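What follows is a structure written as structure tokens; I'll ask about it next.
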Amino acid sequence: MGTTLLGATAGVVGSYAVLRRRALVSDMLAHAALPGICLAFLIVGARDIFALSIGALATGLVGLLLVTVLCRWTRTKEDAAIGIVLSTFFGAGVVLLSFAQRHHQGNQAGLDTYLFGEIAAMQSREVRLLLAVGTLVLLAVFALHKEFKVLAFDPDFAASQGWPIFILDFGMMALLAVVTVVGLPICGVILMAALIILPSAAARFWTNRLGPLLLLAGLFGGASAAVGTLLASPVPQQLLGFNPLAFGWHPSHLPPGPLIVLTTASLLVVSLVVAPQHGIAARLIGEFRLRARIFREHLLRSLYEMSEAELPALPAIAESALVDYRSWNRLLVDWQVRRAQRRGLVELQDGTIRLTADGLTTAANLTRTHRLWELFLVEYANIAADHVDRDADDVEHLLPQPLIDDLQRRLAEEGRLPLEPRVDVPPPSMPESPHELEP
Amino acid sequence: MIDLFEPFRSTTAWWTIAVGATTNVACALVGCYLVLRRMSLMGDALAHAVLPGLVLAFLFSGTLNIVPLFLGAVTVGLLATFLIQSLHQYGRVPADASMGVVFTSMFALGVVLVKRYLSGIHFDAACVYEGLLQFVALNTVDVAGLEVPRTLLTIGPVLLMNILVIALFWKELKISSFDANLASAMGFSATIMHYLLMVLVAVTTVASFEAVGSILVVAMLIVPAATAHLLCDRLSYMVFLACLAGVLSAVGGYWIARVWNVNPAGSMTIAAGGLYGLAVLFSPRYGMISTISRNLQTSLRVTCEDILAMLYRVEETDIQQRLDTSSAVQALGGGFVSRWGISALIRQRQIVRTKQGLQLTDTGRSVAKSLVRSHRLWEAYLVQHLGLPLDHIHEPAHRVEHFIDEKLRHNLEEAVDDTGRDPHGRDIPNG
Amino acid sequence: MSPPALEIHDVTVAYHRKPVLWDIDLVVPEGKLVGIVGPNGAGKTTLIKAALGLVPLASGKVEIYGKSLKQQRNLIGYVPQRESVDWDFPVTALDVVLMGTYGQLGWFRRPGKIQREAAHAGLEQVGMSKYAHRQIRQLSGGQQQRVFLARALAQDARIYFMDEPFAGVDAATESAIVTLMQSLRSTGKTVFVVHHDLQTVAEYFDYVILLNMRLIACGPTEVTFSNKNLQATYGGRLTILDEAAEAIRQRDPLR
């Protein structure tokens, strides 16, 4: 249906706008369209959607050009320029609207709907126009995918390759203008911007690549539009055989615009929380796991340090001693000790803890790594940044081998070098945060 | 003969203008800071975001009393600000997108609430946008024997509050607007200033709703401030000029509205926009016209100096030789600026037109001498300090010579070894 | 005798009407590894941008292999400074390298098999094949630099301009990049590198351009990278140039 395509198109084009940090330009385009609509109406004398759309597009593009001119040739900054054009054009629109209302009674019913959007008044001709425009815009975006991609990501590089930056940019904004104008009768002036920005903001949480982002934004946009439209109109609900009164929902003929926006907003909130990599839930869980692992490793290392004096014999260490060693929270220690026991790294007996053979190896590795680092930082701090590849996982790969050999030798001399790892036990991976060096 | 002042001849008119002006000034005061902090669109965002707050306040309090409305607006305003910040910082959504996301969603919520719960009450959607300025003078309250519009009683105190806050926090707002990090480092929490400003915006917005509606509040916040920004370089002047622009927009807008019988709030916006446009074109320092005129003046000066220098060089080769006007113009590349330059020089008595051609007067000759001196000193400098080859120094010197003043010439003399001859072997005229 | 790789004639570049590069005049033959050296604010990035046509020239012209820039764009590869990148942009390493092939593709065409193979080859050359599908924020500084280098390689150019490729990069990556540059040179390509570490100039580059708002010297490293020239380069800005620049800006004060 019409709105679905609109939602999808808006989502896709909007992604580019957001990536170019031009999200609110869509708001400006929507507001700047009003005087164009009124002018077109005054000229044509009737509510012909085609003429009104052309008028809207015209003033929208003029507004766009004006913002560019103001930014380039005056002191006014981009945000102020957008705000100025947005509000003055809208003011002009309001004036023209009142002029039309006073002098053209009756015929202008429906001009008001441009403010909030009403879908009921859409005729099939208008739907056809919507479909045609939507398809064209999507085709254009598809054709220019790589051009827009490089323009949005690295304009300098794109310019050096010879791409006409200004034209491409204007083209992108013009597509945005077209989508905005076409969607105005449905969503109304203010909420059109939402349709453009929200889907891509939500989609960003789910993917790291541009292609999928565009697809997902389109999907989200289209789906919310469909859902919002359904919620707004009673007819489809009846078609679905769905009695809303049973749920206490009164079909009070809410306009579709706000409902679409709220649907998309809820999608955004859900994405924000739930999305696997960028979502808040995922990040919190990841952090939690990381902290737990760090704690675990500190625990083992402390056990090693407390046992070191009596090696190779494995002493029994009182749990309370362990808690005091680092002034840790007793419950936390309890929990992790039991976990370690389940993994065969320690033995628990009458409130004492003893490292197993496996536990000893693991703890020794951890301590060795830790001490190498410490020594490195102390001795070689002034060239630390030069020699460290911050993304490597093991200290063996972080530092050049000759340096590691030298550090190991020195630790051995001091009597602080823990046992060499057995070859059949894999070395533990380095926890990232405590050992990250500042550049 | 149309009476231009007809619209102003009634008390209604004056009260309406008063309301408009007060609203505009209150907004302009706060708007200056929004513009300077590049947060103009935050004003837009807040103006829209407060809608659900207003509706909820109305529903809970059951009245249109201004106090619960303010409370509702401030609460929601703070909430919106907080959401925008958090979305940006923790959600890693770009700043402008997070503004767009939050305010449109909240506005949508507001619209849904309005349509759902307020449809019984007469709530003309358009007035949310446009305001009811045309009717303010009708809704009056008796204050000390004077029929004062109720709206003025709302917006008046807000204006006073804005003035008070800005006066009290003058330097804190100034510093945090200029450099937030510096402000925080000095102990003025930039975050608190930010939230304070946002609260002011929210309150001012709500107070202005009745007069000008939400969209036009945005105009009143930004446009006079931007106009003032183009006209001056000091914060105090800027604030003053913004308020002035606000008042003028109110007066001018009202006039437009009465003469063409159109919506007054919209007209005030157009008036404000018109003032901005005038500033863009005519601002003495930053306006486009001024810039163009300055460029023309420089062009003319450069051309005149080129003419004088050329005549001097011609004299150098052969004291008797003269250059006629058309050859001179041609040598300079033609064009009307050359002709204009020649006339200007004749007027300034730096050259005279004789039968054989153009001739330098004594004044003209001394000007030419300094110019040629600058040129040749610069050439010497280029050779000695920049190591440029001889065939590459004339063009650069030709470009730069017009901007070398006495002080720079003096420095050049000190930097260059032989101030008697230029690299081509010609004499450097003494200053 | 083939035309020189880069020829800059009497180029002055102004920023907001204020000259930042004065009358630059230099010639560099092909097949050299050229270091561009100078203090902060000397105009090194501006020089590269002028050569690439990214900033307008107040005077003079730039020629690549004897022809204008417009005609020779397909011969040029560019590695810009890393600071200007938006790390949150949803692209992987492979996506970035593929962008290098866009110039060859022209309008509307999509990268096909050939381009993908070239991109993978580029990643291979810089040792980043493993990371092809990582989003760029997840890469370390050295890895990001390598990806941008791979992008330039995918451009398959004859002249490369690199702006501070060694900034904030670990020693292993640095030596890998230098090896790569040297192999480029051995195939006859010319590489211009804005470089900030004086200690390594003689070791890495066989040609050097010394710059401080004006050209101090340009030529083979052995003769040009001398104490005298270094003193002239780093001995502070020429106040006279600063004064003249300010005077020009004031009389012609278009933002």
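Going in written order, the chains are labelled A, B and C, and every chain counts its residues from 1.
We take it that a contact is a pair of C-beta atoms (placed from the backbone, for glycine too) under 8 Å apart; a residue touches a chain by one contact, two chains touch by 3 or more.
This structure is a prediction, so every number in the text was calculated from the model and none was measured.
**Student:** Quick check on the contact network: minimum steps from chain A to chain C?
**Tutor:** Graph distance in the chain contact network comes out at 1.
**Student:** Could you compare the number of C-beta pairs in contact for A-B with that for B-C and name the larger?
**Tutor:** A-B is joined by more C-beta pairs in contact.
**Student:** Distance between chain A and chain C based on Cα centroids, please, to the nearest Å.
**Tutor:** Those two chain centres are 33 Å apart.
**Student:** Between chain B and chain C, tell me the centre distance in angstrom, where each centre is the average of that chain's C-alpha atoms.
**Tutor:** Inter-chain centre distance comes to 37 Å.
**Student:** Which residue numbers or ranges of chain C touch two or more of the other chains?
**Tutor:** none
**Student:** Taking each residue of chain A in turn, which ones touch at least two of the other chains?
**Tutor:** 73, 75, 204 - these are the residues of chain A that touch more than one other chain.
**Student:** If you look at chain B, which of its residues touch at least two other chains?
**Tutor:** Residues 92, 94 of chain B each touch two or more of the other chains.
**Student:** Spell out the residues on chain B that touch chain A in their complex, using ranges where they run on.
**Tutor:** Going through chain B, the ones touching chain A are 35, 38-41, 43-44, 48, 87, 90-101, 104-105, 107-109, 111-112, 115-116, 119, 125-126, 129-130, 215-216, 218-219, 221-223, 225-226, 229-230, 256-257, 260-263, 265-270, 272-273, 276, 280, 286, 288.
**Student:** Taking the complex as given, what residues does chain B use to touch chain C?
**Tutor:** Those in contact with chain C are residues 92, 94, 291, 294-295, 298, 381-382, 385-389, 392, 395-396, 399-400, 402-405, 407-408, 411-412, 415.
**Student:** List the residues on chain A that touch chain B in their complex, please.
**Tutor:** Its residues touching chain B are 18, 21-24, 26-27, 31, 70, 73-80, 82-84, 86-88, 90-99, 102, 112, 115-116, 190-191, 193-194, 197-198, 200-201, 204-205, 252-255, 257-259, 261-262, 265, 268, 272, 278, 280.
**Student:** Please output the residues of chain A touching chain C within their complex, sorted ascending.
**Tutor:** Residue list for chain A touching chain C: 19, 73, 75, 143-147, 149-150, 152-154, 156-163, 204, 207-210, 212-213, 385-391, 400, 439.
**Student:** If we count contacts the way the header does, which residues on chain C are in touch with chain B in the complex?
**Tutor:** It is residues 10, 12, 22-23, 25, 59, 88, 214-217, 238-240, 243-244, 247-248, 251-254 of chain C that touch chain B.
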